[in-house]
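There are structures below to look over.
The same chain A turns up in both complexes below, where it pairs with chain B and then with chain C.
Right, the complex of A and B next:
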């Protein structure tokens, strides 16, 4: 029984990193109803900038963290200005393909910066394990879990207790009406995008410092894991992102212990597929930020 | 024609099949991130038929296409009731699962004292039918373009059929199409099957062109690229995705002009292009205009010119 609980605990810890990644994704999708495939590569740009400072000048860990988040926000704003703002509502597919094109661009820019496959990344804590009775946890994963909970709480306050959050929710509800009531839709969306990229940057930094290395696969990894976690939890839902991430982590770690590393991803995709077929809205059914997903019309990803 | 050019053209031809496959689903308004799975299934099936079972090439291609179509039917049944992002992610999950299954798939026979067949993550080398039967690179390229031409002709016929109209109707508005009596789910299933078969056929050609396939080739990147080709080239005709492939592989991958910066150039080009033309270069409006110019009849002779109304008698 103890090994099973330990594995589940490990899964929850890994899952908290997925949950963090999914939060940023869910925020963008929840507000814009459009998929930003460049989400992972934006994180990668920030992380690579931080790594560059770390290996070239031996920058301290907090500088690396700040640069990672700032770089991710910069890349995110670039993506929003180029792929989302000029295309307008009703071009969900074009935005997605465009963000994929920028994925290629950001990834190549990162690789031009640091061409090797992997680089060391500063660690946040000592690698000693903390013991909780018969169980053990890694302290860096505890930080990740704490960060996830703190960011979720902050996001909740932001969405439901501030004018900015009110504006955001109004846009989700009906962007035309929001604009008529004096909300600057463009700038609110840009801010939401920057915020999501910042959350992604934090997630990226915490994951990399737990792994103590950064690889060229980071962009693809972050986009895929964030997307899967968001889909499992529920499209564009904030609590869904957290639950989806944790569920994904538990499934992955359990199937890895039982069947080995290749089956780990297979199980994750299998669960995602079955879940989508049986319950297309994800665990949380309809979304929390908004419940309407446009179904009619040639472009089904727009707010209708 | 030198070998380098033949190689590039063959590559463009083969990748066009996956792009056409994604395009066919785009016509019905569905986005698939998973067409590479059918490409992979076709490649492995065709390879097994020719390299392991020693059956003729055409049988291998046919089996690849059939396997692709059958797999698409199998996935389409549960997923085609989904919409938009959910469908896209379900196809992505399926395709990644297929890729991992190929990583675990081992099936080998001994031939000339050497094991032949898929060997998990190591891939499936020595699909040498083309070499063993003295088909030259140029001849093989003609086979590829012959089949691509036939597929395009199929699209040409499709656009003029009730089925093609039904595809575009569903793509515009599936509720309205259903209200007009179009059996939406069945039509979508047909589209998915055809798309799977086209990708499977391309996969069979790909396996014989490169003589080697491995699971890593068929990752998400291939799927998203093939989707992007249609959107860059345009959704107006089946030539759109071909144009997309030609721009990417022909101009950027094969020339050394942008070495190291290729993706930066390509990415920027596509992003800017999509701002100017959200439905691609050859979009419906342009195609319609071209068609009108081409089909415009010569002006009637002056003698038959009549004032409105006098003509009817």
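Right, the complex of A and C next:
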């Protein structure tokens, strides 16, 4: 029983980083109803900038963290201005395809900065394990879990207790009605994009410092994990992102323990497949995707 | 009579199709101006163009002499124009109170905003009863009242209303028109698009007829027999002549 609980606990810890990645994804998708495939590569740009400072100048960990988050935000804003802002709300596919093109651009820019496959990344804590009775946890994973909880709580307050959050939720429901209420849709979307990229940057930094290395696969990895976790939880759902991330983490770690590391990703995709067949909207997607996504409020008046 | 809103030569197109083919009209301060016309005449397009959601290809839209064309919808709200859109478009997953607060998004006087919310509850008691309810659970009439109240929360000098009677029971429509007349008595300039010509002519000081993207008639109620107005508004002059 103890090993099972230990594995589940490890899964939750790993899953909290997926949850953070999915949170940024869900924020963008929830507000814009558009997929930003460049989300992971944006995180990669920030992480690579931080790594560059670390290996070239021996920058302290906190500087690396700040640069990683700021770089991710900068890259995210660049993507928004280039792929999302110029295209109308209805142009979901065009935004997605252009964000895929920018993915390549951001990844290549990162690889020009640091061409090797992997580089060391500063760790946040000592690697000594903390014991909780019969269980053990890694301190850096504990920080990841705490960061996820804190950021989720902060996001909740932002969405439900502030004017910015009210505007954001109004845009999610109906962007035309939001603009008619005096909400500046363009600037609110840009801020949401920057915020999502910042959350992604935090997630990226925490994962890399836990791994103590950064690889060229980071962009792909972050987009995939965030996207899968979001799809498990429910497209564009904030609680769904967290739950989806945790579920993904637990599934991955359990399948790795049971069947070995080769099966880890296979199991995750398998579960995603079964879930999407049974519940196309994800765990928190109460309605089918077509209803929550295909139906933009903004298009409603033009059809009459 | 001083014109508050002056629309001149506005052309708005969806792709290659021109929905507005050079519309010119004006709405006078303190008055109710009504725009009538058959389906597809371009009335909603004109409202959406005035509110800044659609960008015109040509023409100018001036509020008290200030050009509105080119401004974002949010800036136009900031200039004192609020649109109650067709089909109401309330925020269904937000409470009645949050919908009202969204209408006051640009205002920084939180004390005054709170007082205005109370004022809306006094004007629309049904909204007060349902203030914590999600707007999507309201009846059509209640949603229309919420949409009007939300627009008023920005304290507009000019209120645009697009088919406020659409899909509502006659008794509710009467209530809505009572509110329109009341708002006007309190000094709000109103520019109204309406299918219900009979009711519109009862409250309007001035009206326009629109057909296939053009204004075809301008007059005061009483200048033209009501049945003639209705005939033209619903059937269009071309078809009735042919």
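Throughout what follows, the second predicted complex is superposed on the first by the 289 of 304 C-alpha atoms of A that agree within 3 Å, B and C clash if a C-alpha of one lies under 4 Å from a C-alpha of the other, contacts with A are read in each partner's own complex, and residues count from 1 in each chain.
The rule we apply is simple: contacts are C-beta pairs under 8 Å (C-beta built on N, C-alpha and C of every residue); 3 or more make two chains touch, one makes a residue touch a chain.
None of the values given here were measured: they were computed from a predicted structure.
In the superposed pair of complexes, A:163 makes contact with chain C only, with no contact to chain B. Contact with chain C, but none with chain B, is seen for A:179 once the two complexes are overlaid on the shared chain. Touch criterion met: A:235 reaches chain B, while chain C stays clear of it. Of the two partners, chain B and chain C, it is B that touches more residues of chain A. By the touch criterion defined above, A:144 lies against neither chain B nor chain C after alignment on the C-alpha atoms of chain A. Touching of chain A by both chain B and chain C, each in its own complex, is seen for residues 297, 300-301.
The touching residues of chain B, when paired with chain A in their complex, are 29, 31, 78-79, 82-86, 88-90, 93-94, 96-97, 100-101, 103-104, 171-176, 220-221, 224, 227-228, 231-232, 260-264, 266-271, 274-275, 278-279. Residues of chain A that touch chain B in their complex: 29, 35, 37, 82-83, 86-87, 91-98, 100-109, 112, 220, 224, 227-228, 231, 235, 262-263, 265-266, 269-270, 272-273, 276-277, 280, 293, 295-298, 300-301.
Only residues 14, 44, 48, 51-53, 72-74, 77-78, 82-83, 85-87, 89-94, 98, 101-103, 105-106, 150-151, 154 of chain C touch chain A when the two sit together in their complex. On the side of chain A, the complex with chain C involves touching residues 163, 166-167, 169-170, 173-174, 176-186, 297, 300-302, 304.
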